[in-house]
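Next come the structures, one after another.
Okay, so subunit A shows up in both of these, paired with subunit B first and subunit C after.
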Partner chain A sequence: MRILKTKRLFGKYNIGETVAAYAFMLPAFVFIITFVIGPIVISFGYAFTDYYLLKPHDIHFIGFENFRYLFSDKIMWKALFNTFQFIVMVIPLQVGTALALALLVNKKIRFNLFFRISFFAPVVMSLVVISILWMTLLNPESGLINTVLSSLGLPKQPFLASTTQVMPTIVVVSAWQGAGYQMMIFLAGLKNIPAEYYEAAKIDGSNSWQTFRNITLPCLKNVTIFIMITTLIAAFKLIVQPMVMTGGGPKNSSLTIVFYIYQTGIRYRNVGYASAITLIFTLIVAAIVLLQRRLLREEG
Partner chain B sequence: MKKVLSLLLLIALVVSLVACAKNPVGTSGTNEPGNETTTPGTSGKSEPVQLRLWVHVAEDTDEGKSYAERVVAFNEAHEDIKATIEFIPRDGGGSGYEDKINTALTTNQLPDVVTLDGPNTAAYVDAGIIIPIDEYITEESKNDYLPSIIQQGTVNGKLYALGAMESTVLLFYNKDILAKYSIKPGTIDNPWTWDDLFEAAKKITEGEGYPALDMRFNDIGEWYIYAYAPFIWSNGGKIIGEDGLTAEGIFNSPQNAEALAFFKKLVDAGVVSVTPEENNFELGKSALYLNGPWAITTLENSYPDINFGAMPYPVSPKTKELHAPTGSWQYAVTSQSKYPREAAKLVEWMTNTDSVVSISTAIGMPPTRKSAVELLPQYKEGIRKLMLDQLEKGGHPRPLSVIYPIISRNFQEAVEAVLYGDHPQIALNEKAQVIEREAQRYK
Partner chain C sequence: MNVAKKVIKNILFYTFMFILAFLFLFPIVWMLVNSFKPEAQIATDLKTINALLPPFNINIANWLTPYREVFMRFNLFSGIRNSLIYGGSLIVLNLFVNSMAAYALAKLNFPLKNFWFTLIVLVLIVPAEINIVPLFVIVHRLGFENSLMGLLAPNIGNALNIFLFRQFFIGIPRELEEAAFIDGANRLTIFFRVIIPLSKSIYATIAVLTFILAWNDYLWPVLIFADNSKLPLQVILNVLNNTMPVYTNQVLAGLTVATIPMVLIYAFFQRYIVEGIAHTGIK
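The block that comes next holds the complex of A and B.
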């Protein structure tokens, strides 16, 4: 194959290679602009309009009016608060559980594969199916969990029927569902730790906890950061569990911000206002993710 | 070898993408040559008028099959019109029925005829999505429909939509348990008052040690306004003002607070559960049960041991007026249709006597035409007749409003708040404020 002998324009790559590189990128680029960036920009544009879902040809620019409305919208702030409440609880629980499961499953015990599959199984199940299943388990009168509790002499719990218990309950269900996925990633991270480190630690007389703290954890730092960011982003998007299990209640105590955006935009047909909420929400998420990356600077 | 495999994979991918594209379903089961050839019609047109109809159910359900058959019959009866039906199930997570309508609005791709749920009528009319069909329906035909159907589809004095099926809610009761405590059920001429309901429920709960009443408080959503609004109306209250936008003073009126206080009374006395057990009535545990016509079929088919009856909605002791839920899906002609006259014919056809008989038989919902009742003997007696009586005497459609979804949700939240212990007047005041705030955009 003959290589085009051309001037070296871009440093060490010749024109042919550069053109080829951009040509390969082009389809993906077009795709991202059309289906990802384009809609985002348009959606942010709608935030400054009075777009009503049933009148798509009757849209007017209204400036910052949606944002003024937003700041006095008590339900929106409650939804935001609920979402943060969820995040603060689910990340330690889910990441911690995933790490614990990964450590467990990393040992060379029998039926190792069975455990890995069982822990991962909830991940592949539909969120709707899981929500319905847990609703039955959590029923305050006849649910399995309360039956067990009362047989142990403990009082039955309202779970989803309580404004204080509902969010923690949804946290547990979500962590149960998602931990398996992060477990797999932690597992990969664990397997990447050279065996020599552990041998050296053993020789130096380190006990399990010291080994864990000084070798395992530091080596898992990058993996942990990745998992925390992905879990955080997924947690921000919480909608299925509250929608199916509680409809946002009781008394909007399980209403999350994405659920509220859906309710405002699709059910109430207020696309303009919903877009404004989305815009503000996106800015908040972006700020938090950037902050998180700053604080947990990746190594290497 | 690798090249061959990757080529095969590429072909498979392309084929699957193409095959998965949604195709409108023609009346494909009966593609008779007669439908395709041009007919020397009296209209002078050389080609049949093409109409598109969208329905909100899946093709392989009893309801879907009934609709498909009726469209075939329509095409056979009208040589100069060819209607095609497309099935778009309601919940498709983003690609569901209403989402598809919203998209079609943006791209001007609406079909000639759509189905819509009763409460959406006001919003669709306000947005200019559907057109009046008064001129296409004869007086004689209009009189054959149940009054509640005409009322549901009428906005500002004009008729926009007609329904082929009705719906309501009844108070089912376990005959054996009621007999055990010598409690007489209410009848259409002598319905229970709220006090009767409370006394009966209390007596049974104390005797059986289990909440006697199941009002399905666990069905969070549209059920709340559908099933519980009649309590408001019976007590002399209203949900929203005539303009569909005024809530202050109406949504939170003292009469409404009284109605919600009754719910609170039931919950506090322990005769009804806020989180009822699944199927407690079907299993013979509770004695009183608020539910719709589908419960009749379920009980008859799956729980034959339960000796059940039904009585009309309980009435407020203040007015003794019977108000009961009504309303279901309807057909309407869209403003984007190029053939409104023919489309209106299709709407009338899909709600004519034969269609009503067909759908009522298929899914067990009450018929919407008096002539259809004549042909459905099961509606001449028993519980099914009670449904029709209740609809006639007290059928009260949900409020007509452009902001109906907001009203429905806030009503649900107000009732929910009371069930969880809030003071009824305070809960109503709070939600009235929310509705007023949202309504400002439309004033």
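The block that comes next holds the complex of A and C.
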């Protein structure tokens, strides 16, 4: 009877192997379920409550109250807008730069190693380090950038202190840091293109633009898709640069959605409302990433 | 004529390349050389090329003065120690836990295997930073706040690492395991005696990437620690950039101190890092 039952339960599976597999997976999945999937799941629950961090025993179900407030919350819309502004600017700039750098150093040129190291150098530094460093460089009064601008006879710029310049500045700083990393991924992709393709193109008399358009670009398609998706996911979670450089200012013009969630939930301890924003934003991110994946895969 | 044209083309190309390299390098050069200067000299050098040159006017023995000062004013030593402990313990736990799960997903046959693997892939889509508030609530309720356990716990199970390990393990031929199996070895023995020795390069890659992640981490430590003596280096850097009076030379010295270990790691483990980048990129 017992044998029959296990047989039915496990079908084509070997019991010993199944037990071993689950034992092997147990530690990792305990951590992933508790600390990665758990937060996503409980944000669904908390989003419908007035959970205040210091009062864990005094939680009330308040229905869609948080979501109703969310739609009229001007700061939330501002933060969402800033996040999308960042995404729309950083993806073409950073991925484009990375591809250009990869193509430049992929050729047999002098000082090749020096150029590769130069472009990759900012990757080695942490987000906090580059944020503080650029804060110092971009200081409106005593920064290196403005000193150079004014000695060239150009007007000084407020950069991080301006509501209109702050996001583009953070975009440039982020792309400056990240492009070298993606250059390496593009280089790995370029190395995988068979040399025969280029030889054939040469014999056919194709010029360098045609070769790039018809051979290099199509062969890099999968790498480009991967880089676009990872850049998108990384752009959604932007928080450290504004947190260190501007505190979200001036006038919330560099407040990103993750930073707003952080402020609401941690600084103001309004876990219920922060969870509601989290929930909505998680759905937006998942939908856009899946959509982008599908669109890029289907194209040409 | 043709030769002259080629020479001009070359000059233009290399000028362009060096300008490009300069754009990537000048902030780093500025950080390094000005970390050796007295505070007043940084401002006076700013208008000339001296901004990007080391302070030749100063006795080389005094170059490290800003470093001495910043180490005296701030808890940089304790920050470095805490960051090393964070990185070291995360490597051990992370490699052990994730490679075991990946082995099951790569090599064993069991019910719901696809479900668990899909879960891993889905987790990769939503960045953990978005769920930081509910994560904080969980850690807070488990009582892990302000402790090393709280710092480590959310980073131990890592979906990306499971994915990378699995990808590598799949490439190991079945026959090697079967030979050991016939000799009477159990799964655990096979994992430790056959799989791990064949996978040293992926272990090295993930160990290096994990250390970099821990060393550079800022958001999570700044959130869970109330206690100054437990703060890792990155958080201390922000403290030193916000504690009046702010001396630029001391800030730059702090930034340089935080960057040197990363430069060494990238230089020594270059092969593994490039391999890791290529692995994650070409799928």
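Here, the second predicted complex is superposed on the first by the 264 of 300 C-alpha atoms of A that agree within 3 Å, B and C clash if a C-alpha of one lies under 4 Å from a C-alpha of the other, contacts with A are read in each partner's own complex, and residues count from 1 in each chain.
FYI, contacts are C-beta pairs under 8 Å (C-beta built on N, C-alpha and C of every residue); 3 or more make two chains touch, one makes a residue touch a chain.
All figures in this text were calculated on a predicted structure; none of them were measured in a lab.
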Open item on the list: Under the superposition described at the top, does placing subunit B and subunit C together on subunit A give a clash or a fit?
Closed with: clash
TODO: Name the contact category of A:56: first (subunit B only), second (subunit C only), both, or neither.
DONE: both
- [ ] Determine, under the contact definition given at the top, whether A:287 touches first (subunit B), second (subunit C), both, or neither.
- [x] neither
TODO: For A:109, select first, second, both or neither according to whether it touches subunit B, subunit C, the two together, or no partner.
DONE: second
Open item on the list: Between subunit B and subunit C, which one contacts more residues of subunit A in the superposed model?
Closed with: C
TODO: Could you tell me if A:88 is touching subunit B, subunit C, both of them or neither one (first, second, both, neither)?
DONE: neither
Open item on the list: Contacts for A:217 in the overlay, against subunit B (first) and subunit C (second): which applies, first, second, both or neither?
Closed with: neither
TODO: Give one of first, second, both or neither to describe whether A:161 is in contact with subunit B, with subunit C, with both, or with none.
DONE: first
Open item on the list: Just to be sure I read the superposition right, which of the two partners does A:142 touch: subunit B = first, subunit C = second, or both, or neither?
Closed with: both
Open item on the list: Among the options 95-103, 113-121 or 221-229, identify the stretch of subunit C whose C-alpha atoms clash with subunit B after superposing on A.
Closed with: 221-229
Task: Where subunit A meets both subunit C and subunit B, residue numbers - done: 53, 56, 136, 142, 266
Task: Residues of subunit A touching subunit B in the complex - done: 50, 52-57, 75, 136, 139-142, 158, 160-161, 163, 246-247, 249-252, 263, 266-270
- [ ] Report the residues of subunit A in contact with subunit C in the complex, numbered from low to high.
- [x] 10-11, 13-14, 17-18, 20-22, 24-25, 27-32, 34-40, 42-43, 46, 51, 53, 56, 101, 104, 109-111, 114-115, 118-119, 121-122, 124-130, 132-137, 142, 144, 147, 151, 176, 180-181, 184-185, 188-189, 192, 222-223, 226-227, 233-234, 236-237, 239-240, 243-244, 258, 261-262, 264-266, 271, 274-275, 278, 281-282, 285-286, 289-290
- [ ] Give every residue of subunit C touching subunit A within the complex, in rising order.
- [x] 13-14, 17, 20-21, 23-25, 27-28, 30-31, 43, 46-47, 51, 96-98, 100-101, 103-105, 108-111, 113, 116, 119-120, 123, 125-141, 153-154, 156-157, 159, 162, 186-188, 191, 215-216, 218-219, 223, 234, 237-238, 241, 248, 251-252, 255, 258-259, 262-263, 266, 274, 277-278, 280-283
TODO: Note which residues of subunit B are touching subunit A in the complex, please.
DONE: 99, 102, 105-106, 123-124, 126-129, 220-221, 273-278, 403, 405-406, 409, 412-413, 416-417, 420, 422, 434, 438, 441
